[in-house]
Every structure is written in C-alpha cells, then in structure tokens.
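Both of the next two complexes hold subunit A, though its partner changes from subunit B to subunit C.
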Partner chain A sequence: MQELITRAKELLADGTVSRVLGWKKGDLGWDPEPAYFDKAEELENFIYNPFCGANLSKYLIAAGKLEGTTLVFLKPCDTYSFNQLVKEHRVKKDKTYIIGVGCHGTLDPEKIRNTGVKGIADAVLEGDRVRLNTLYGDKEAAAAEVLLDRCLVCKGKTHVVCDELIGAEPGEEAGPGELAVNRFAQVEELENLPPEERFAFWQEQLSRCIRCNACRNVCPACSCLKCVFDSSQFDSNQKANADTFEEQMFHIIRAFHVAGRCTDCGECSRVCPESIPLHLLNRKFIKDIDTFYGEYQAGADTESKGPLTDFTFEDVEPGIIAERGGGR
Partner chain B sequence: MQVENTEFRPKIVAFCCNWCSYAGADLAGSSRLAYPADVKIIRVPCSCRVNPMFILRAFQRGADGVILCGCHPGDCHYTTGNYYARRRMTLLFSMLDYLGVEKGRTRVEWVSAAEGVKFSTTMNEFVAKIHELGKNVRLEDLRCKN
Partner chain C sequence: MYRVKKDRLTELFTSVSKVQDLFLPLRKCDQTNYGLWTPEETFDLDTLKTVKSAKDCFFPQSEVLYRCRKEDGKISIDPQQLCDRPFVVFGMRACDVKAVEVLDRVFLSDPVDSFYKARREHGTIVSMACHEPEETCFCRNFEIDPAAPGADVETWLTEDSLYWKPLTEKGEALTAAAEEFLEKTEDGDKTVEEEQTAIRGIVEKLPLSHLDLSRFKQENTMELFDSPLWEEMYKPCLACGTCTFVCPTCQCYDIRDFDAGKNGVQRYRCWDSCMYSDFTMMAHGNMRTSQMQRFRQRFMHKLVYYPANNDGLYSCVGCGRCVSKCPASLNIVKVIKKLGGEA
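Here is the complex of A and B:
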C-alpha cells in the first residue's frame, strides 16, 4: 500500500496527473470508500486492502470531464470494465493513467460476519487463509469461505490495460480465489429445473428487491445519463407501484441492457442489500451468447464488435428456444 | 339475467414491420384468408424497432402471447435490421424461459408481402398454441386489468 501512495505522490508532484482516484478509509474497517485525492497530503487516508472491492472504472466517466489526467488504481477484473467503457466511447484512455494493482481476491464482509466474527478492522490474505484483525483480537478464516462469490470464479490476474503494474506480475497465475469453479454451474442448475420451479425461484428472489437501484448505479456498463427507470412515465420507477411484474420487468430490462457488455465484474451482486443473485441473470445472457454466437468476453479488447451489435447470416432463429428441451 | 361469458379469448399482440409483414397481413385480409380477431397488429417501421421492453410491456398490459413478424432475413427494407432483431429476440426468449415463463408465448416469424397465406396460417397456429397454454399469469401486471 505504501508503494502505491509513494508512486501516486510522485505522479502528482511531477504533474503527470491532476488527481488520484482510489479508495479511502471508511468509518468502519471493512467498508473503504472510493475517493478522489487532489493533493499529496490527502493520500494519508488512502487505503488498499482486500475490502476494496469497489470497481473504480465507472467514476472515470465523470473524471474524464475534468481538466487534466486522472490516476486510477484498477484491479485485474476492473480493467475489463475500463476497456468496455473505452469501446463505448464513455472514457478516454489518454485522460487516464492506470496503475494496475495486484489482487488476491476481495472479501465479503457479510460472509465473514456469518462465521461469527465481529468488529472487523482489517484483513490480510495469506495463501488460502485470511488473517482478520478485529476489535476482539486476531481471527482466522479459510479464504474460500469468505471471498466474494465473484472471486471464486476469477477471470485471472492479468490486467488487460494499464500504464504500470504495482504489486502484480504480468501473466500471474490466479490466486487462492481461483478454485476452478465453473461460473455457469449455478445457471445450469437452474436451467435443469422444471419451469414452475424456476418461476418460483425467481419470484422468491426478485420479490425481495427494494428498488434501491444500487445495482444499476454501480454497474460500469449502465452509464446512460437518463435512465428509463427514472422516467415518471415508466410504471416500474418506484417500489410504491409494487406488484410481481414490476420486479421481473426491472430485472429483465436491466440485465438485457447490459447483455453483451457485462464483463461479469460482479459489482451488482456485491452491492445488492437484499443479496439477490443478479449475476445469475447476467451469466445466463453470457452463457447464451457463448453458445449461440461464440465465446465472448466483454472488455477483453477495445475494438471488437459486441455480440448484439453484430450478426451473421447463419444465426440461429429465435424458434430454437421453444424447440429445445428443458430450460436450456 | 346476466350471462357470464367464461370462454377464454386470448389477447395476442403481433408486431409487424411496415414493409413486409404488415403488407402480408393486408394481403391476407384482401384475399379473404381468415385469422382470429384476437390478433391485434401493431405496425413498426422494422422488426428491429422492437425493443425487448415492447414485448414485456405487451405482457404487462394483459397480452397472452406476443409475436414479432418481419421481412425474411436478407430482405429487410433497412438491409440488416432483422438480423439484429433475430439475435435480440433469441436472447430475450431464452431469458423468459429461464425465468420460468412458458416458452410458446413468444414467437418470431418472417413473413413477406407476398405471403398472405403464411400470415394467416402462422396466426392461426399461434392462437391455437396460446389457447393451449391458457391465460398468461406469470408475466402480467395486475393493475392493468379491466
């Protein structure tokens, strides 16, 4: 962490960048916040630890409108979101200076609390163990049990874009997070249920939604200035209009809107206060795109066409959905 | 005495592109080919004008089935519109299926301006399918009743 601060100070001092975008200590140890640092002194509050799950790419849309270059710290998976934003002309690479930071997985405070640990102040990942510093002394936990779900299916530790790396090696192997879990396993499980059970599952999940819009607000792929969900003409813009359809409508449209653009960064599921597994909707689209149109990873590059802005003459007909058996 | 009509009359929405399918429907009409009056046609400039939300909205407002008709691939008036629509609808239908909505409630069919017969048989088939599935209860908004 000290290395990151020192380097940020250097870049601020020599004028390469006008501000730094990173994480600062939050009120609670397990809750750091994304923050801008305009002056070297402010960097005293900078922090980088396994609780810094927040993906900073989306902030660069706003930062790009400011004078000068912004220094940003991106974890490997965050760089995919950055690339996707470049592809969509939402951010400019030349107004950004990226330091790729090493990552061994980010932690889920909720999961830690569920193991009975309270008063979390800090954490260090060591191999497949997590050392937890708490108000009640030092504790330990197995990494696989307290990592965020998304880190269990990590895309790998390579930064697809950056100006320099600190604390990361190019081509580094995935850490303890990489448990070789198939990220589509849960999607497949659902697909194999009878339709009535799938319907019941989603009804149960989606009806917990409180329409806080956190999933939309955090998503780097959701960057429209005017969102359909904020329109007063839209029946689904507030929870007071509640009924079962409202949730389905919101969730299908949200997931569809990012289909082909979602990098599977997992931010939406991370921030949902109701722990709704939004990644299962996004991954369904990803899985279908992979099967019907060839494997595609959003954000892997800045040039290629997205699957929904492209086509081939031989594409399958929508009728295939009705023809095939099961939920596949 | 009040007579209650309990027969199920499905509400079917058919989005038809202006250049082929709407003309196909016209031809079906002027050739006196029958198709059920339960089908309500909404004319759109091109099949790719249909946002997935239109389809959801139709269900929300009480449709029991939604069908999208456009020019045959390769014949779109705007050259490639229906190729994009094809991908979008494949993904949308798959998602609806994943959420547990019955598969037969959505359909895409390519109907040219010369295919009045195809238009009428497609609609007859589709209405029969919806009859079989019955009322749409999994995707609708209760407020929009009556």
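Here is the complex of A and C:
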C-alpha cells in the first residue's frame, strides 16, 4: 500500500495528475470510502485492502469534467468497466491515469456478519482464511464464504487497461486460488427450474427491493444523465412499488438496458442493502448473448462493436424466442 | 418481572397472533426484516438490526390514501380505511423505539396524520435489549440506553429465557393476555441487572460511542450550512436512497397517483428521499440543484433543523444502519466527526 501512496505523491508532485481517486480509511476497518485526494498530505488516509470492493470507474464520469488528469486505482475487474465507459464515450482515457492494483479477492462485510460474527473491527485475508478481529474476540472464516460474489467467478488478474501496474504481474491469470467456478452455474440452476418455481424465486428476491436505486446508481453501465425511472412524467416512478410487479419491472428494464454492456462487475449485488442477487439477471443476459452471438466480454476492449449494436448475417433470428419457449 | 422460556416463545407468539397481528423480525433469503408473523414463518431474534427498521409497521413505505373511480359519468371517492385492528410489534431495539418518538413529533403534531395516528393507537410495542451491540451502533451519543429499551413492554433475551417487564397500560394488557406463558420470577431482576451491566460495558467500548455533538446547535445553523466541508464530504455519494430508506427516523414522503386502468386511480403516498433529484420538485423547478445540497439537507435536518424545532431532540438515534449499508461508506458519523471538528 505504501508503494501506491508514494507513487501517487510522485505523480501529483510532477504534475502528471491533478488529483487522485482511491479509497480512504473508514472508522471501522471494513468501511473504506471512495475518495478524492487533491494534495499529497491527504494521502495519509489512503488505504487499499480487501474491503476496497468499490469499483471506482464510474466516478470518472464526474472526474472527467474536472480540470487536469485524474489518477485512479483500478482492480483487474474494474478495468473492464473503465473500458466500457470509454467505448460509450462517457470517460476519456486521456483525462485518466490508471494504476492497476493487484487483487487477491475482496471481502463482503455482509457475508461476514451472516456467519454470525458480530462487531467486526478488522479483517485480514490470509490465503483461503480470513482472520477477524471483533469486539467479541478473534474469529476466523473461510475466504470462499465471505468473498464478494464477483470474486467467486473472478475474471482473472489481468488489467485490460492501465498505465502502470503496482502489486500485480502483467498477464497473471486465474482468480484467487481455486475459487473461480463456472460463472453461469447459478444461472443454469435457475434456467432448469420449472417456470413457476423460477418466478417464485425472483418474486421472493425482488419483493424485498426497497427502491433505493443503489444498484442503478452504482452501475457503471447505468450512465444515463436522467433515468427514465426518475421522470415525474412516467407512471412507474422511482421510489415506490405500486404493486408486486412494479419492482420486477424496474429490475428487468434495467437488466435489458445494460444487456451487452454489463461487464459483470457485480457492483449491483455488492451494494444492494437487501442482498438481492441482481447480478444473476445480468448474467443470464450475458449467457444468452454468448450463446446467440458468440462469446463476448463487455469492456475487454474499447473498439469492437457490441453484439447488440452490430449486425451480421449469422445473428440469431427472432424466432429463437418461440423455439426456446417451447413454441408458446 | 416475568419470564418465558425460550423454547415456549413460538407458543407465546402463536397465542398472541390469534387475536392480533404480530410483527416480528423474519428471516428470509439470509436477510432479516419485520413482517407479519404466521407459524410458517421463521422469526429471528438474534440479528441485532433488521435491514429496514420497524418504521413500516406505523408508516409503511407505500400506502394507498384513497381510490377514485368513474362510472356512468360519475366520480366516486373511496377513502382508505384507517387501521382498526390491534397489533403487536415485537423485538424493537432501543434506538428504533426512540425513533418512534421522533416520528410521533412529526405525525402527531398539528395537523395530525390520521393514518399514522390510527396505527400508533392500535400498536403495542415490545422492545428488546441489545444482547451484543455492534461496532456500527452509536445510540449512546443520543442518550439511548440499549439495556433499557422502554416502550410498552421491555424484554431481555438470555441464553434460555426471555425476561418481560410491562411498562404501560398497553403493556399490562398484553401481559394479561399472554399470562399463561409468563411466569413471575423472583431472581429475574438480578439476571436482568447482570445483562444490563454487560451491555452498558460494551456500549462504552464501542468505537463510535463517543462523538462530540456540541457544535450541532441552532445558533450554529448558518455556519454549518455554509461550511466548505460539505463540498468535500458529498463527493462519493451515489445519490441513492439507501440511507433514507433504512433509517428509522426519516419521515419524508411523496404523494402520487397510480393509474389503475379500468379500476380508476389510486392516490398513494410513499417514502421519499432527499437524496433523489426530484425531491422538493415544484412547478417552478427544484430549489436544490446539486447533490451537495441534497446531501447537506439530509444531515442538517437530522442534526440541526429537527432539534431546533423539537426541544433539542436529534432526529438520529444512532442505529447505525446507514453505517453498514451505505454503498460508498458515507454516513452521519463521518459528518458529525468532520463538521464537529473531530476528523
């Protein structure tokens, strides 16, 4: 971490960058906050640890409007979001200086609490174990149980874009240990359920939605200046579920809108206060896009056309819907 | 002081739920939230904080106020019936109990909110002491004692028993109704005292228990409002409504019409969030034009405006839900520390 601070100070001092976007120490060990650092001395509060789950890419939309270049620290998976934002002309690469930081998995405080641990003061990731310092004594947990969901299907340790790397080897592959599993496994499980059970699953999950819009606001693919759900002219408004179908509308419309652009960064599920597995909706779209248009990873580059914004004669015909629906 | 063995709680709840609605913290999909209990549901008294507070029991996130319908050229208005069924909310923590007082001052002062009043009149609150306060708790700063949570009945949950102490008429009535499950206990006071000492000991040691609120006074309103620190603090804010919707004291709402098609129009109200771009939107536009202003509004309301109008009572109870739920790890504690001169 000291290396990151030292390098940030150098880049501020020589004028390469005007500010630093990183994470700032919180009060509780597990709550670092995304933060701007304008001066070298502010960097004393900089932190990078396994609780720095927040993907800073989206903040660059706002940072890009400021004068000068912004230095940002991106984990490997965050770089996909950055590329996608560049592709969508939301962020300018030349206004950004990226330091790719090494990552060995990020932790989910909510999952730690769900193992029955109370009063977390700090946690250290050591191999496949997490050592926890709590108000009620020292505890331990298996990393696989308390990693953020995204880390369980890690895209690998490669940064798809960066100006330099610190704490990471170029080309280093695979996720943390043996954790990377088939990322579509849960989607397949849901696909295999009878429609009524699948509907019941989503109804139970989505009925907990409190319409806080955190999933939308954190999502790097949700970069509309004004969301349709924020319009006072739209009957389906932003802050209430008029009936049990309403919250499904919100999430389904959102999933459609980010289809082909979602990099599967998992921020939606990370921030959901009700722990709704929203990433599974997006991942279903990704899986279908892979099936119909060939394997595609949004944000892998900044140039290629997206599967849904391109046309080829090999594209699947609309009839596939009826076919897959069993002719209904 | 009464006692009920832990393994008889389900019987107690079943008996209560036969004559009134019973709201309990329910465990669903790895999350605990208040909900109407039926014997098929799993209650969870161990999770310290439900995701949302019990605020919904008195002031639901969304509720219909009336329905309009047009038939044969005539418009009929069908007002929503007020709550007329007694109900019990069980297991509220001291912070959430105090939050009801914050809501009362808003909704029960003139003009009285009839929907809220009806629920308050019909609801009995059974509170529960916080067996193991968490690092996110900071109720001590607001003179709330999680070892003596108050309300109509206060309870303490120990390894094998629930200790039960009625405090009000409503509490006595519920105690009488649940008599067959409650046994009078002589040594209960001692057990409860020990539990209280333990809780208060932990509270003193919590990392957020000792905040300096001295600057948050009416006479400092303009100085706090004009502070350049807001510009710095709001930046990571995503402008989502998580903090407002998990907050037990946030009381702002919006009123909207829902076009129910052939069934006419439903006028409903739903929680609003000062973090949202259309909050306080009026015909001429919106007076708060930036997220900094919206962010400032939330905390100025909690720490300055509300107390100025309510005998110094802060409209934060230190439950810590915003501390654990904010996607950007912003929260009122950071604001108190920064503006209060501690950080």
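Convention: the second predicted complex is superposed on the first by the 310 of 328 C-alpha atoms of A that agree within 3 Å, B and C clash if a C-alpha of one lies under 4 Å from a C-alpha of the other, contacts with A are read in each partner's own complex, and residues count from 1 in each chain.
One rule holds in what follows: a residue touches a chain if its C-beta (ideal position, glycine included) is under 8 Å from a C-beta of that chain, and two chains touch if they have at least 3 such contacts.
Everything quoted here is computed from the prediction, not taken from an experiment.
Undergrad: According to the stated criteria, A:E317 is in contact with first (subunit B), second (subunit C), both, or neither; which is it?
TA: In the superposition, A:E317 touches subunit B alone.
Undergrad: Under the stated touch criterion, which partner chain does A:L152 make contact with: subunit B (first), subunit C (second), both, or neither?
TA: neither
Undergrad: Under the stated touch criterion, which partner chain does A:I47 make contact with: subunit B (first), subunit C (second), both, or neither?
TA: neither
Undergrad: Answer with first, second, both or neither: which of subunit B and subunit C does A:V160 touch in the superposed model?
TA: Touch status of A:V160: no partner.
Undergrad: In the overlay, answer first, second, both or neither for which of subunit B and subunit C A:A200 touches.
TA: first
Undergrad: Take the contacts of subunit A with subunit B and those with subunit C, and give the residues found in both.
TA: Touching subunit B in the first complex and subunit C in the second, residues 235, 241 of subunit A appear in both lists.
Undergrad: For the complex, give me every residue of subunit A touching subunit C.
TA: Per the touch definition, subunit A meets subunit C at residues 26-28, 31-36, 54, 59, 109-110, 113-114, 118-121, 135-136, 204-205, 208, 210-214, 216-218, 226, 230, 232, 235, 237-242, 270-271, 273-275.
Undergrad: Which of the residues in subunit C end up touching subunit A in this complex?
TA: Residues in contact with subunit A: 28-31, 33, 48, 51-52, 61-62, 132-136, 202, 205-208, 235-236, 238-242, 244-246, 254, 256, 258-259, 266, 268, 270-273, 276-278, 281, 323-325, 327-330, 333-334, 337.
Undergrad: Quick check: in the complex, which residue numbers of subunit A touch subunit B?
TA: Result: residues 190-191, 195-202, 228, 235, 241, 243-246, 248-249, 252-253, 255-256, 259, 281, 284-285, 288-289, 292-293, 307-309, 311, 313, 315-322, 327 of subunit A touch subunit B.
Undergrad: What residues on subunit B touch subunit A, complex-wise?
TA: Interface residues on the subunit B side: 52-53, 56, 59-60, 73-74, 80, 83-84, 86-104, 106-108, 138-143.
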